[in-house]
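In the two assemblies presented below, subunit A is common to both, partnered first by subunit B and then by subunit C.
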Partner chain A sequence: MNFKHKYFFLFPGLFVLIGILIFPIIFVVRLSLSGWNSYNPGLDYIGFENYIRLFTDDPRFWESFFRLSFLSVTTVILQYVIGFALAHMVWKDIKFKRFFRVLFLVPMMTTPVIMTVIWRTFFHESLGPVNDLLSVFGVAPKWLTDPVIAKFTVIIVEVWQWTPFMFLLLLAGLLSLPKEPFLAAAIDGASPVRKFIYVTFPLMAPISIGAIIIRLIEASKIMDTVYVLTSGGPGTSTETSSFYIFIKGLREFQMGYAASMSFTYLIIMIISLTIIAKVLTKVLLKE
Partner chain B sequence: MDLVANNLSYKPDDQYHLNEVSFNFKEGNLYTILGRTLSGKTTLLKTIAGLLTPDSGEIEFDGKNFLKIPVWERNVAMVYQQFINYPHLNVFENIAFPLKQRKIDQSIIKEKVMDALKSVGLLGYENRKIQELSGGQQQRVSLARSLVKNAKILLLDEPLVNLDYKLREQLREEFKNLFSKGLADETILIYSTTDPRETMELNGEVIVLDEGKVLQVGPAKEIFENPNSLKVAEISNDPPMNIIEAKILDNHIRFEGIDVEAPQHLSKLTEDGLKIGLRSSDIELGENGHEFEVELAEISGSETLLHLKRGDTKIIVSIEEVLNFKIHDKVKINFKIGRAYAFHADGKLASSPFGGLNG
Partner chain C sequence: MNKLYIFLKYFFIVVWTVFVVAPFLWALTTSFKDFQSVNGGVTYIPWVDFEPNLEGWKVLIKSPAKGGVDIIEPYFNSLFVTCTASLISIILGTLSAYALSRYTFKAGFVKNNDITFFFISQRIMPPIVLSIPFFLFLSSINLLDSLTGLIVVYIVLLMPIAVWIMVDFFNKVPREIDETALIDGCNPYQAFLKVVLPNSIPGLIVAGMFCIIFGWIDFFFAFILTFTEVQLLPVKIVALNSSVTPWWSLSASALVSVAPLIIVAFIVERYLSKGNLSGAIK
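And now, the complex of A and B:
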């Protein structure tokens, strides 16, 4: 269509798009090529020095990145499994169905930061109720101060907070499924378990892929939970990429270096999520 | 192996979906359940399949209490009036589904699926997606799926009703061939339909169902010739049998000023409230006939259905010809009165031209 004034009408949208998306990305790329820090604020040009430093001399970034991969993949898998189980449960005709549907959504209605503060109190080594209860069995895990256990504490809180979201997406998916294939499957000799494996699960594949990808994107931004719960500690054992970038950029004011990390992170995320989406589609949809 | 039901009742709301239904189905036979919509046909089939549990009554199969066996262990196959298939599987996988639920060798599955595809005329379609098929083809797939497992009980719930006219004729023909090809050797085949023509063509044992109640059981020919009540006569004829309130006096049937000589099988009935039943095909146009007024003329296929009126009497006449009539036209018709039925005031058959309850 040839329309003289189309750019005039497109302008408001384009302006916002350029302002909040394209400009920041370009600016980050430019910033990553500068040595901007607290002594030397300004957009000078130092070439690829920041990237060379990142790839050759910063194991902490890569450690935080692999830690993030571990945390996000584990939490999303757990959220998917638990969310699917809960959704499947209230999808069937059970008693108090409506009550459970609302109950399972409660964590989502709370403010993550506040809930994390409460969880931190729960898991406090000597004052928290969790260890109070566990003292009956004579154990007192260091929920927040043991480098290994702290990771699982983060996973528990993340799973608790975000499973409802998965539950909601999957329940909506289940409710939208046609009823007929289930009738047919029963008559075709499929027991309830086989019915789930051969009918429910494959029919849910497209919705599952969407839900998993959405949650993976969200989970890889994990920051507030870590910040409040452990502040990345003990040491750097729960530090994730975004938290490390935050420390470098907004605490130590190494803006240029933080920008180069952000941009690298963005590229890695785009590539890996594309691959994950492809693999999931191939495995679940057999296409 | 007989399928025996005793007093099946199912009443989920204030209406009976099944009301004391009993039957005794023997293996190797075809049973047709004939009834109007909402008469309980689907409920009955679902009960046999195990998708519904009746409120009371028993079903026994092979001497075992069938109601205690869960659906997936009943070895029943069912084709629904909606074309139900698995949307996430292709044609081959759809048909193989029931076989995969048992531990059967891949090569045997392949062979059986191919056989089934062949018998429904869908060879070459095995890799198609279900959504890419037409309604008739989708129904063939679900038919193949029900054939492939060699179930002892095969249920067909109005399988042709959602198809267009041509496909219906074609598939009905194929069904007949399939059923007669010895498929039914040890299978109990139960076919439900609203269409009397289908019932006659399939020519099995017919169960006439209405409001959840069995009205009559018998061979198709018997149902057609000697319907035991007005209701059955209505259900088993399309268009429904014409019912005329008449009086028989001195060997003459009188109604609306018309006077025809009563045939022998009706001559002795003189009671009040008698109803004469005459099929729409047993009335013909004739120069010296009785005058009726046209209320409506429908052309369906190659026949014309005339809705006629005289006084308070309304009748339908079907003529094997395409004819054009206008509303309020006057036509003259003759009754093949020798083929008339008579029913008592309570709806029970009084006399039929084929000898039922004669005299």
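And now, the complex of A and C:
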């Protein structure tokens, strides 16, 4: 094939993406070295002061980061287990297969913040149905105002919202598996459990890794659900890194400091996701 | 053993179905309630627990001056931004994906896979990292609080998805069909437009659906980069939530906003069942 044409295909997309992104990324790095805030808006140069402050004098950022890690790892594990179970159940013929497939996909098509508005009324402590039904058992958990329970409310909402995405990726994977290993297992008379452990799961390992990584990337961005559901509260008990950076940067207008946090956060994300991907590959593929 | 498995399977499916449907049902019943049936204790079944009325739905079409919630303009803004950004992303993403699937690139140590990874890796970027520079950047060129500014930002969100799905899809379209077209005297652009694209329609539809989903559900950028001139639907509804808007009109507007994407769920399921999504995630 002709040599030059390939650039005409590749470059429009590549250059638009680079064109839109190059400025923000360079700017974040430069901004993080400045003391830009609402009293002093401007790109002065203050060296690494912001980073020193971040690493020595801001436990709130690191707490929000560990909270984010807890929330995203927990939700992704739950999503993986439930999503795999659901995908496995509607993979082969069951009654109303297509109905269930569509139904299980629906939550991911709904706007998270808008559904969170509904969830807020759903978990309302005196007027919501959850506590009304639970009152039969004489309990009334404070879904949105208890520091511990609020985390689980966020997890419930996230699992509802994004298990469908995991389900979609895993079902697509299951549908693409070759038929021969299953025939062989059937001839050997393997039980469903053994078939799952020795055939389905190993075949699904590469797809599982892909799906988990994709979901971890998306889950690490948890922010709008938290904003609408609890506004990071009570106190800071559901505040994630993104939300804290948002407060510092776009509420208090400490742009310089927020930029240094977001750059640090980006680097940590890239490093930890790379490590997780390597570890998962090792464990699941036994390489 | 087998019976237990089947029982557990259906039990789990039923439990999950209830969980999935519950918030929708709650929103649907709430949208027909009035003050007494929301604030006077929890009510569930229309006509038994409370007398349904259409107040929550009527508010949606009233003008704001008469106490309506005015979601029609944000609705069309959202549709316009999502569709335009998706279309641009699909066009640019498909061209790049075709190049990455069919030709080999090499610049130093950068090869095809690295370029593909560069596209896809943009999804790793936390929105908050981009939001501050975008905020300052768009305000410096007067595109803050405008539809154009949002479209530019959404292209960054959506193009990686388009490239991701289309590279895999083109890899499954046999190379022979382009080669035959070239031998028949087409130039590479004609071969792409007349032969490859018509054979890639399922991939284009799947990529388009994903772009629409991730464009339509975005809240963060719309929230940060627009204020009063343009409002997108999610921002508008969240704003309703924090004001004194009653639950019934809130529920009605939420249902109206999630409705169009239910159609997308049907389309995605159809292409999923045909096996068109399988390559995309390896």
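Keep in mind that, in the parts below, the second predicted complex is superposed on the first by the 269 of 287 C-alpha atoms of A that agree within 3 Å, B and C clash if a C-alpha of one lies under 4 Å from a C-alpha of the other, contacts with A are read in each partner's own complex, and residues count from 1 in each chain.
Just so it is clear, a contact is a pair of C-beta atoms (placed from the backbone, for glycine too) under 8 Å apart; a residue touches a chain by one contact, two chains touch by 3 or more.
Predicted model, so just to flag it, every value in this text is computed and none were measured.
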item	value
Touched partner set for A:Phe55, first subunit B, second subunit C, both or neither	neither
Touched partner set for A:Ala258, first subunit B, second subunit C, both or neither	second
First, second, both or neither for A:Leu127, with subunit B first and subunit C second	second
Touched partner set for A:Ser176, first subunit B, second subunit C, both or neither	second
Which of subunit B and subunit C A:Leu203 touches, first, second, both or neither	first
Subunit B versus subunit C as contact partner of A:Phe70, first or second or both or neither	neither
Partner chain in contact with A:Ser191 - subunit B first, subunit C second, else both or neither	both
Partner contacting more residues of subunit A (subunit B vs subunit C)	C
Those residues of subunit A which subunit B touches in one complex and subunit C touches in the other	191
Contact footprint of subunit A on subunit C as seen in their complex	1-2, 5, 9, 12-13, 16-17, 19-23, 26-27, 30, 38-39, 41-42, 44, 92-93, 95-96, 98-100, 102-103, 105, 115, 119, 122-137, 152-153, 155-156, 159-160, 163, 178, 182, 187-189, 192, 213, 216-217, 219-220, 223-224, 233-234, 237-238, 240-241, 247, 250-251, 254, 257-258, 261-262, 264-266, 268-269, 272-273, 275, 277-282
Residues on subunit B engaged by subunit A in the complex (per definition of touch)	49-51, 70-78, 80, 82, 84-89, 97-98, 100-102, 142, 145, 149
Of subunit A, residues touching subunit C in the complex	1-2, 5-10, 12-14, 16-17, 20-21, 23-25, 27-28, 31, 82, 85-86, 89-90, 94, 98, 100-115, 117-122, 127-129, 132, 160, 168-169, 171-173, 175-176, 191-192, 206-207, 210-211, 214, 217-218, 220-221, 223-224, 228, 241-242, 245-246, 249-250, 255, 258-259, 262-263, 265-266, 269-270, 273
Residue numbers on subunit A that touch subunit B, as the complex places them	178, 180-181, 183-191, 194-195, 198-199, 202-203, 205
